[in-house]
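Starting off with a structure, shown below.
Order of writing sets the chain letters: A, B, C, D, E and F. Residues in each chain are counted from 1.
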Amino acid sequence: MNTPSELPIWAAWIVVALAISGSLLALTGSVGLIVFKRFYERVHAPTLGATLGMALIVIGSTMFWSFVEGRLALKDLLIGVFLTVTTPVTLVLLARAAVYRDRVEGDDHIPPE
Amino acid sequence: MINWQDHLIVVPIVLPLAAAAAMLLLKEQRYRLKALISLCCLMALVGAAYALLHEAAVGGPGGDDTARVYSLGAWAAPFGVTLVADRLSTLMLALTATLAAGGLLFSLARWDRAGPRFHALYLLLVMGVNGAVLTGDLFNLFVFFEVMLAASYGLLLHGSGEKRVRAGLGYVAINLTASLFFLIGVSLIYGVTGALNMADIADRVATIPAHDRALFHIGCAVLGVAFLVKAAAWPLGFWLPGAYAAASAPVAAVFAILSKVGVYVILRLATLLFGADAGASAGFGNLWLLSAGAATVLFGAAGMLASRRLEQAAGYAVMVSSGTVLAIAGTARPEAVGGALFYMAASTLAAGALFLIAEVLARGEDQAVSPQDAVFDDEYDDPFAADDVQEVGRVLPASTAFLGGAFILAALVTISLPPLAGFAGKLTIFAALLSGSGVLSAASWVLIAVLTLSSFAALVALTRLGVAGFWKREGAPPLVHSPEFLAIGGLVLCCLWLSMGAAAGLTYADKTGEWLATPRDYIGAVLGGGA
Amino acid sequence: MSAAAVLFWGLGVAQALLLLSMLLATWRMMRGPRAQDRILGLDTLYLNAMLLILVHGMRSAGGLYFEAALIIGMLGFTATVALAKFLMRGEVIE
Amino acid sequence: MPHALLLLVPFGAPFAAAVLAIFLPSRARNLAAGLAWSASLIGLICLAFLFPAVATGEPVRWSTPWMPTLGVNFTLRLDGLAWLFAVLVQGIGALVVLYARYYMSADDPVPRFFAFLLAFMGAMTGMVMAGDLIQLAAFWELTSLFSFLLIGYWHHNAAARDGARMALTVTAAGGLCLLAGVVVLGRIAGSFDLDVVLASGDAIKNSPYYLTALILILAGALTKSAQFPFHFWLPRAMAAPTPVSAYLHSATMVKAGVFLMIRLWPVLAGTDAWYVIVGSAGMATLLFGAWSAVFQNDLKGLLAYSTISHLGLITLLLGLGSPLAAVAAIFHTVNHATFKASLFMAAGVIDHETGTRDMRRLSGLRRSMPVTAALAIVAAAAMAGVPLLNGFLSKEMFLAEAVAHTGGRHLNLALPVLATVASLLSVLYSVRFIHQTFFGPEPVDLPKTPHEPPRWMRFPIEVLVGLCIIVGVLPAVTIGPVLAVAVRSVLGPEVPYYSLALWHGFNLPLLMSAVALIGGVALYKVLGPRINRSDRPWVVGRFNGARAYDRVMRGFNLAAEWIVRRLGASRQQARLRAIILTCMLAALLASGLAGLGFDEAGLTVQRPGLGFTLLWVVGGACAVTAAWQAKYHRLAAVVLVGGVGLVSCLTFVWFSAPDLATTQMLVEIVTTVLLLLGLRWLPKRLPGLTTVQEAKARRRRLTDLAIATAAGAGTALIAFAVMTRPSGSPLAKYFLDHAYSEGGGRNVVNVLLVDFRAFDTLGEITVLGIVGLTIWALLRRFRPAADSLGETEQKRIQNDSDDRREDRAVGDTLSETMLIPRVVMRWLFPFIILLALYLFLRGHDLPGGGFAAGITLSIAFILQYMASGARWVEERLRIRPLVWIGGGLLIAVLAGAASWLFGYPFLTSWFRYVDLPLVGKTPLASALVFDAGVALLVVGATVLMLVAIAHQSLRKSRAAVADEEAA
Amino acid sequence: MIKALLPHPLLAAGLFLTWLLLNGPVSAGDVVVAALAALTIPQVMRVLEPDRSGVRSPLAILRLAGYVAVDVVKSNYAVATLIMGRKRRVRRSGFIHVPLDLRNRYGLAVLAIVLTSTPGTLWVQYDRPSGRLLLHVLDLTEEDEWIELIKGRYESLLLEIFP
Amino acid sequence: MEVVLALGIGVLTAAGVWLLLRPRTFQVIIGLSLLGYAVNLFIFAMGRLRAGAPPVLKDSGPVDPTAYADPVPQALVLTAIVISFALTALFLVVLLTSRGITGSDHIDGQEPGE
């Protein structure tokens, strides 16, 4: 591990705090993936990691690299932007597909078309 | 000014690639232009191959045996990829170009329009084979194997139809598996020796630490299995007869060389890595090659006997020919290797011709021998029962007479009957196996018995199929188009030419055997620098 | 504790958390019970993998893994969208 | 020298004439016959000129190198024996040609026949004149081949085909043994040259390989000269036109075996092994042939078995091993040739003029064809050994030898008795032949009215019969000198005393002859009618060599099929299993079973970290579950394989391979889409629908599980063994050292790909291009299975539901579902292009490169296809993948070839820093052009692969539309 | 003229910015390349998306962004406690129909992104003829509250941005 | 670390081989994919495992080869990834064609017992 020494200790703590809390959110999301009983509930869980969790880690990373490179290194933000835009596409389609499949199978919990 | 002579060695790879790429830019309808391009390209390849062969035969400027080395990207061996044209690789080049030219000519009659992009795939196949035989780098060899195989998948499926697709599925699956072995073998050898260049590896074999040698041997064994799958050795080559029989005739003809590429690599690596200088690895794998080769010959011979169709028998003949060379490679006797190479050249050309003839014969008539057929038609109670004595012979149409003649010549080579080249090759093998002072090894006798037995099986099988195809034939004679005439005639003439020039050919092969037995020269040529 | 140590251990914890998260997502992929559950699991796995790469990039101070993360962030959804569309329509491209 | 060159004529003329004949028009029978006749006559004349030279005792030789590496020369060598045989071959050949001209029908396309006959003649001449053992074996096989073509000349006749095949199979197989035999002989003698071999008799007989050589050579000789039990092919060969029989079975084909035994007699004969093998074979054949001949009803059949018998006689003589017996053998060879050729021709004449060869139907022909009858009677008398004819002389010598050999060896006592019996039988069948054909009442109900044949058809018989008489009366004057030269060439200076006089006084052989003559006639008187009534030989009739042969051949076939079935594999799973097991076995054996050297190497293991372990728990779980689910839950398998891909991508991240991680990720995405595209066309698979026997399947699964576990364990062990060893590849060091200074890039992996090992990359993209082409070609003719035809279930249901609702149109569900994804995917398009550009430009210094850029760009396209459908995209963006592939390849090749212009090898890269306005110092590398080619091709190929599959559902629905319109 | 050169100015700006962000410390060369990319790449959108859609009211965009940021954090907390809560309180998840007045595709897309990015709500199905949105809500206490929140807080702003 | 990766490669290989020996084409293609991963990782492993040492040169000065992971296996894996991707695509299309023509997704192109 050749972690650079340029990073002030307080910044390191902030970066770590951001990373750990982001990771915790992601983990919470995955726990939701397990503990929720129905698909329509589970599908909400990963958004924790995809939104705030991701944001915290990306901010941590941006901060980290800005310190390391000694300039404003914002490219990690791009990841956040693109992920935010694309994640809903998957979830919307997946939920729609699930609804369709459940309807075909006559699941009562799904409102009719 | 460009000195083209320097770059001649890379032409067999670059030219077909460029021609194929250019053809992709042309529309499907312009098949005449494409045919012209590929024909010219193959003519150039034949020329280049024979120029290189000639150079290998007469030796370099020093006049002695040498190898022409070409460092791609000007990165000298062992760091860059090098091409090496020595006696063995130029022999393969010439064989490939000849066979491919025959197949291409044949395809011009109709097969090249049986599916899209035939010419591009065909040239890329040739490029793959040329690359595989020229490269001096183990991983680059993998790449060219894949080029060759990828094109072969496309060509096997050319013309479509259930038979081809079914055969293609198995063919692809097996070759993909073998390719994985190839990768494991290459990387394991790299992991142990830290080298990829074949000469470089050969240079280090003797000094591999004892505790690493087992790993090195495992790598070579896995690699060997990959090549043996491609060479169709028993029990790895069950895919071959079905796949080759399913392929369209010109494709099957050029496929005759594919299995030989596997054999080529085995021969190349076995002589390079496990020669007398290889320390604790000297002679590694020889016994396996010998046994696998002999088993392949026997299995192929049985397959020929059991074949009901000529193309199937030709497929098994390809196996027999591979097996013969493998077994001889296992004996590690230079003179025998020379004979085996000569035999390989002749038998490969003959197998190509047989595939073409089979396709023409099959036109309009089912010449299959039914499995229920007795070996002979009548019952032998009284051979003189018939009083139908005053017979009149039948007029043979010129096409049938031509085909029949070509068949006989190709069959003679395949069976290795005199006076054609197959015979000269096998004779050299026999003589080599029986040479030397002292008591002959059991292996020599077994090998002679096996090879004689395979000749006998081929004799019985081809006589039977030939009689069924030519003499028992009813109905209209097969129509032979002029390109097909040229292709079959050309291949058979090459067999004849090889037989007439047996003196030169055998000398070349013999010296190739010696050259392979002294890998130091190869290693020196490659690692000592080059163009 | 030096900044390097803080980062090393702290980001290590973050990595472990993300990997645990991946493990749970994998469990969902394996168990299902329905195809949509598995796809959701895979989507989560992609997300966590991306976060893991970001954290790993910081921990090893190598800026070379950004592309991998960006590709997951920008293109990773292609695979899961294709899967979802397959569920919905029975084919991916119509 | 002129003598040596003269040798070429009798050998070359027939071949040259054969080549000419094959090109004659099929009706040109006079021309063809004339050609053949002149060829043999010219040969004969040359041989006549050569006789004085040969008679000096020194062989005339002409030699040229053939296979110099083996020391094999092509040598024509004419000594007395060769001269005698060559004259027989060419002389009888000339007569047969004349005969055949009249025998063959005017409608027969005889040029082919004469071509084969001439080629056979040439091969025979080449065989007898061979001065090299290899050459001898070569011509030997050629005679088999041409005899095959001659016997099968009337190939529309099954008997001809089978006879030809049988003759070829037996004689060529013998030839293969002979070849091995002469190689062994050559090894013992140290040369294949006949003179050398003939001079090393002692070395040969004392060699440990003598017996091997002897058995192999005799396998050739005995099959060729139809010795028991290999005699059966000869009668079957009678399906040939009679001129062929007359030629092959009198002077040539069958005499090849005899010739070989005589030729090698000086070096092989005289040992116990020779005596036992050759003697017994000869004796058995002599008796068996004679006995069988007695019972033949067909003229040619009788002659065929008589030939077998006489060959047995000659073989027996050779087997005795004494010089005098050898002389007798040579002499009888000549005599048999003359009378047997004339008899075959006479039989042919009878057949030709009466339409049958069945002796039971023939009768009293002496009245309608008196001249033929007279000729046949004389020839048959020669065959029976009647005094004043040539057959008598050699038979007397045979009987004398039989008597002379009484002392000494075991079966010797029986020898004179058996010889007499054989002679008696020979008289019996000769008498039967003559009596039943020419004597007796007028024939009734013959297919044709018998009369004399044309003048010139009879001429050859007259010549031969004339020879029988002249030699028989004046042996010393006529055959004497020739025989002497021949004998001397075999026996050398120690030629024993022999006399060719007609009268040797009253002695035991004369008595035996008399007994045979009288007994034979008497026996015919007694048994004649009973013989006529039996359709197979008494006692030995149950033994049918041909049927035994057939059984053997069937056995071969069955064995071959068994081998192919049992030791081969027709099913794919078995083939793959064999390959995997072989690989594992090979690896196991290669390790020497001695372990992988862990102890000596000294492990350098890094402690497993928690994170990495967790990662591989994920990876392993995904892999195992994927394997578990792949049969019934294909989608699950695709998903789980995606998980494995992600884990291997993270492994690359973990261990310093950013390029790999990037590329793996991209490929992962494309592969998932690809598999899904394919999934649409696979059949529905419901659990529990397997029809295979469950127990068997379970056993197979358990075996496979064991194989898989072993394979996994082995791979893991090997990987572990290598990973824990110290590395130190000099290649790595070199590349790291030179990547920047000489390759102009910091990303060493990329420099490797586009510079150091750019040739690999060129091949790799070629593979990609080929696969694209192949997929395209395959899918152009794609025909889905019936149950995958039409629209998917989902589409059908959703369209139906749209159709039912009044406020919706068909397809609304789709467009509403895709509403949001479309917007995002479409606006993402330019950004992905930007990403591709970014990956492309930075590849040489940082992770990325042409391949990654290409794949990224193709994902951009795929996203548009997924969002809006193929038709929508293609109306707006025309992508011509084949052009992209071709263009990419061309660019890459040209970038490589450009270095030729500067005199450097292919793919030599060039780079320089250029000062551009505004931009500043910019690296320009030819490798970038190469990489651009890579990127182009990758886009083309990847888009092609995915889109070509996707197009299939479009095409089908279009076809369905067309159907509906038609209906 | 500008229209021909810059059919989608926002897109061009986005690309320009993205390139600069990607390429680290900004150099003159990067700006040139970024400008070139921003000018050329959007041309593909001419064929893919012929109709241009203007964006109004930058203020509304900022307000929306603020709302979303706050809501995302809040609902993250809410859902996280829901998952991790030791005694999970009685919770009812379910579908609700939201009648929408928004018709603009981009507006709908942004709404979908916003709703999906906010843990606890999921855009499921949108019925174009009726303008009805089917939404799944993880913690469905009061259906009308949700409808009011979406229409009042997001839709009104979106209607301003995408008229 | 080596143990974990070796075991991982082993598990992938075992799963791949097992699938390769199954009768259905889809199982085979999944098996080939898994084996592809295993082989890629195997090649990668032949360069030994180095964390935090990507073979991207930091500066243009003299190079310390021990500071970088072996780039050669990485380049080989890249080539292998591309080729195995291409061939997976090809195998997929061939199996689809086979299934289309024969109606069966059995690896023999016909249902067992036919």
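Here, a residue touches a chain if its C-beta (ideal position, glycine included) is under 8 Å from a C-beta of that chain, and two chains touch if they have at least 3 such contacts.
Small disclaimer: the values here were computed from a predicted structure and weren't measured.
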Contacting chain B as well as chain D are chains F
By CA centroid distance, what chain is farthest from chain D?
-> E
Please indicate the chain closest to the centre of the assembly, with centres calculated from CA atoms only.
-> B
Check C-F against C-D and say which one is joined by more contacting C-beta pairs.
-> C-D
With chain centres taken as the means of their Cα atoms, state the distance from chain B to chain E in Å.
-> 63
In whole angstrom, what separates the CA-based centres of chain A and chain B?
-> 58
Per the centroid of Cα atoms for each chain, what is the distance between chain D and chain E, given in Å?
-> 74
Compute the distance, rounded to whole Å, between the mean C-alpha positions of chain B and chain F.
-> 29
Chain A residues touching 2+ other chains are 1-2, 29, 31, 43, 45, 50, 53, 75, 78, 82, 85-89, 91-93, 96, 100, 113
Where does chain B touch two or more other chains at once, residue-wise?
-> 139, 143, 146, 150, 153, 157, 160, 169-170, 173, 177, 184, 188, 190-191, 196
Chain F residues touching 2+ other chains are 20, 25, 42, 45-47, 51-52, 54, 56, 72, 79, 83, 86-87, 90, 94-95, 97, 101-102, 107-108
In the complex formed with chain D, which residues of chain A make contact?
-> 82, 85-86, 88-89, 92-93, 96, 100, 104, 113
Can you name the residues of chain C that touch chain D in the complex?
-> 12, 15-16, 19-20, 22-23, 26, 29-30, 32, 35, 38-39, 41-42, 45-46, 49, 52-53, 56, 62, 64-65, 67-68, 70-72, 74-76, 78-79, 81-83, 85-94
Sites on chain D touched by chain E in the complex = 807-808, 812, 815-817, 819-820, 823-824, 826-827, 829-831, 833-834, 837-838, 841, 864, 876-877, 916, 918-920, 922
Note which residues of chain D are touching chain A in the complex, please.
-> 794, 797-798, 801, 805, 817, 820-821, 824-825, 828, 831
Residue positions on chain C within touch of chain A in the complex are 1-4, 6-11, 13-15, 17-18, 20-22, 24-25, 27-28, 34, 36-37, 39-41, 43-44, 47-48, 50-51, 54-55, 57-61, 63, 66, 69-70, 73-74, 76-77, 80-81, 84-85, 87-88
